[in-house]
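Once you scroll down, you'll see the structures, which are given as structure tokens.
Both complexes shown next keep subunit A, but they swap its partner, so subunit B is in the first and subunit C is in the second.
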Partner chain A sequence: MTTATTGSTAAGRDGGSPGSASAGGAGVGDAVAVAVTDVPSTQVTATPGRRAAGRRNRGRNLLLALWLPVVLLVGWWFLSANSTSPYFPPLQVILQSVWDEWVIGDAKTQLWPSLRHLALGFIGGSLLGVLGGALLWRLPVLRKGTNPIVYFLYVLPAPALLPAMIALFGLGEARQVALIAFGATWPALLNTLDGMRGIDQVKFDTARAMKFSSLRTVTAVVLPGASPQIAAGLRASLQVSIILMVVSEMIAASEGIGYFILYAQTVFAIVTMWSGIVVLSVLGTLLNYLFVFAEHRLLGWYHGSRAVGTDKA
Partner chain B sequence: MTQTLGAHAAGATPAGPPVLDVAGLRKVFNVGRPDERMAIDDVTFDVVKGEFVCIVGPSGAGKTTLLRCISGLSAPTRGTVQFEGTALTEVPDQLGVVFQDYGRSLFPWFTNGSNIALPLKARGVGREERTKRVNEVLTEVGLGHVEKQYPWQLSGGMQQRVAIARTLSYKPDLLLMDEPFASVDAQTRFDLEDLILEVREEAGITVVLVTHDIDEAIYLSDRIVVLSGSPSKVREIVTVPLGRDRDQVATRSSEEFLELRRHLLSLVMPH
Partner chain C sequence: MQVFATYTRAAVVPLVTLALVLASWQAVTVSGLFRPDQFPTMTATLQALGTALGTEALWSAVGATLQGWAIGLLLATVLAVVIGSALAANDVAFRSAASVIELFKAIPAIAILPLVILVLGSTLDMKVFLVAFGAFWPLVIQVVYGVRSIDPTVRDTARVLGVGGVRRFLTVTIPSASPYMATGLRIASASALILSVVAELVGGAEGIGRAILFARNAGVTSYPTMYAYILVSGLLGIVLTGAFFLVEKRAMHWHESQRNAKDNELGAR
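Coming up: the complex of A and B.
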């Protein structure tokens, strides 16, 4: 749980949160920059010339983002090619196993329970976090009272709660979902609170002067105003969720990708274990990219307005 | 420290019941706390229908605070504010506010068109009517088709026009403006000043504009409320008998203008 992101930092730096130590973290950060250059040119009436330039730019940025991973993969491929160590099989063998086990074979059935837990836990925790953050924002008395507790729970390593979750929810899926939801709640909550507190008072004066109802103030001022930081919080929540998904499947579980990896290791099927790890990192990277893609769709205004006055605009 | 001179009775301002009546207004922040601070001491003035009144005062005099009080955004500590004959408890429907900093009051997450349509939406105006009105009011403030762009894609002067358009969209009776031209260049400033005079002429709107610029106040106003430094009192209310037709070059170089300017400068200069 290195994702100690109090959103202001995360939101202030294009979402490249300090916790992005997971696979593909750095690459995703670069992808942010790619999309930033793209946003204004699609919103201002883009001439064909500009659009082509944008495409060239995107191609160049993609190259910049991918050169190191490609070099590393190629290096891995050749360095491991003649490996006889049972712990570090050749990459070719691992990829072959990914193909055999996950694409052709039925290891992929392990993905569905994992993804189900992840989706339920992440969505549930995020909702709780955003609602809780909004509530604490509205009620300063509650905020001041809960402040020490919230930080206490936030820094508590969630995996340590797994035994408690088992005691509370038994061995079924519920405790996995509950653990993921618990971990996902805090980054979302703290960032939502921070984001809402950071909205300029003048925006609220403006809303009142225009005679907004409370509901309209929430939908037209509070939520969009805090959305960049809420998004940064959700991204941190997603990373925590993925970690907790795997951890919860490694303890007293009988299905899921975490279980698959651990089981392969215990029966000394090291190649199979590696195939699980590769699939897991591909999954994490894909989810991260998906998130960044959605974020840029929804927060085009934010990235566009921040790029104003720079060459990116 | 002369108190309110009832100068406007003799002036050429249109007669009628006051649209805005501010009496003995005082605003103290953080009452009863160690950081208690009086921003406004005692302010009394009124504004009649169709009039253009400027409030001038040095930076920090409490102009923004005063504007928040007379718009119903903030409750005065003492004194009363009446809009069209009733005491303020909230922002009245028929009141429009243009804030000091367009960058802070426009919503960057909405396009210009949506920004302008917001007060109409809040008033239950239908979609078709909204679109029509957005186009009308954009033309009125001298902007072309910028409704699909975002505020941050426009220059500062254009953004302030969008902010003005947003306030004009629902045709308020009274327009309150807080140093609306403070953060644009001189040329744009002249253009916007003339724009407001035009809008006021065409829409028959009443305007109260806050500024720290004496020349701007004289150029725009029928009357000028001169505030002292913080905590502010009304130093004097000056009538500006320059007639309705104003011209940036001719008006500003006329003898009456210079005379008024001398008088106002002597009022705001420290004694």
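Coming up: the complex of A and C.
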């Protein structure tokens, strides 16, 4: 970092991240307002204008982003090629097993129950969280009253509830969905509440002066104003949901990818276990990137406006 | 007097709500809506909590969980600060490593749990490794962004004054990056607690997670104890998050973000 120009090429990238982290915690008096806002570091916002230079930069950045993962993979391949350690089989053997078990074989049937529980739990919990957050935003008395309880349920490590969920719902699918939904609710709820409270009061006054209907106020003021933080909350919810999906399959379960990996481990089928780990890692990564992609499509206007702002500054 | 009244009212509403929640817990369990083998009564659970708080078993479990949490988090923090500052100092290094870090951050840490159990067994090492692995990736990203956010004027002033090496790292780089690190640590602390509990539940390491599972396996009579342990794990979460919150407020009082927070708080009153 000796020249001033390195700073400006990076501006598009770090531009968005600093604010959201501290802004979540700042400016809110309630103890509940713990910023769960993860820093949106996966967002690469293109700097508008300067197209040709931008294209050249993009090519360079793409190369820079790709070479290390490729080198690591190749390194893993060759370093593990003659491995005799029972725990770390050669990468070639692992990938062969991924192909045999997950592409040709039946292991992929383990994915459907996992994804079904995840989808039901995540969507159900997020809906509960967003609606609950909106409700608490509208009803300050309820918000003050439930503050300690909501806070308690948010910081409670959700996997600890799994034995209780088994007691409550038995060994069926219901307890898995319920656990995932429970974990997904609180980050969504707190971020929704925080996002809605952060909307400038002037906007509401303007909406009232312009005689907006309540529906129009919601769609034109509340949702656009709070959606960036709601999205941050939902991403935190998704991450918790994935952990809970796997944990719930690792205890007293008989299907799912978590069960598959742990079962392979207990019978010392190390290569099979590795194949499960690879598939789960890819699945988790894909879901995360899918979310970021969807967020960018839906909130493109917001990231766009932020990028322009940082470009000026 | 006015202030006193405001504070009393602020405390009364949550207390009333808490009482209502506890009362409805008692109501749904005594009325038979939930069987005792599903959900024990509130009184039985609180009684079990009282008993458990006096036993050594609970405190050694809490201690074991805290130990895994603390060592894992410390390890991740030290590594993240060292590696993160090094990466932030060089644009090419940062851009090269960013994709790898993002990739590892997106991988759910729990995916490697069976492998870690296999290699390290049901030990503290296993828990520490899982916690450190899970906490490291989000932390290192925060450190990189924090160090890169350093005010150019401050950086240039330090250079002109000839402040360099370790001294610049400690007096300029770390303080500049600290608000980012604080946010990263708060997030990492929460996920470290979750991973500790998971390592105990699934991996069988000593701690509150294993205590909860053992209480469940001991049968219906110890269900109140199981729920009491779950409450303890929640209280643990409150203590850890609260501690971070206070430390951050104390240590960062000089920083802009905290000054603004204070102003806003005052303004809101």
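Observations
Just so it is clear, the second predicted complex is superposed on the first by the 242 of 313 C-alpha atoms of A that agree within 3 Å, B and C clash if a C-alpha of one lies under 4 Å from a C-alpha of the other, contacts with A are read in each partner's own complex, and residues count from 1 in each chain.
Please note the rule applied: a contact is a pair of C-beta atoms (placed from the backbone, for glycine too) under 8 Å apart; a residue touches a chain by one contact, two chains touch by 3 or more.
Please read these numbers as outputs of a predicted model, since none were measured by experiment.
In the superposition on chain A, A:Pro224 contacts subunit B only, with no contact to subunit C.
In the superposed model, more residues of subunit A are touched by C than by the other of subunit B and subunit C.
By the touch criterion defined above, A:Gln265 reaches subunit C but does not reach subunit B. In the superposition on chain A, contact is made by A:Thr206 with subunit B only, not with subunit C. Contacts of A:Leu168 after superposition on the shared chain: subunit C is touched, whereas subunit B is not. Residue contacts after overlaying the shared chain place A:Leu131 against neither subunit B nor subunit C. Shared-chain residue A:Ile277: touches subunit C; no touch with subunit B. Subunit A residues in contact with subunit B (one complex) as well as with subunit C (other complex) do not exist. Partner subunit A is touched in their complex by these residues of subunit B: 68, 71, 73, 90-91, 93, 95-97, 99, 101, 104-105, 107-110, 118-119, 121-123, 149-150, 152-153, 166. The touching residues of subunit A, counted against subunit B in their complex, run 40, 43-44, 200, 202-203, 205-206, 208-213, 216, 220-221, 224-225, 227, 301-302, 304-305, 308.
Interface of subunit C with subunit A (complex): residues 10, 13-14, 16-18, 21, 34, 37-39, 89-92, 94-100, 102-103, 106-115, 117-119, 138, 141-142, 145, 148-149, 152, 179-180, 183-184, 186-187, 190, 193-194, 196-198, 201-202, 208-209, 212-213, 215-216, 223, 226-227, 229-230, 233-238, 240-241, 245, 248, 257-258, 260-261, 264-265, 268. Residue ranges on subunit A touching subunit C, taken from their complex, read 1, 4, 6-7, 9-10, 14, 17-18, 21-23, 25-29, 31, 34-36, 38-39, 41-42, 61, 64-69, 72, 87, 141, 144-149, 151-153, 155-164, 166-168, 239-240, 242-243, 246-247, 250-251, 258, 261-262, 264-265, 270, 273-274, 277, 280-281, 284-285, 288-289.
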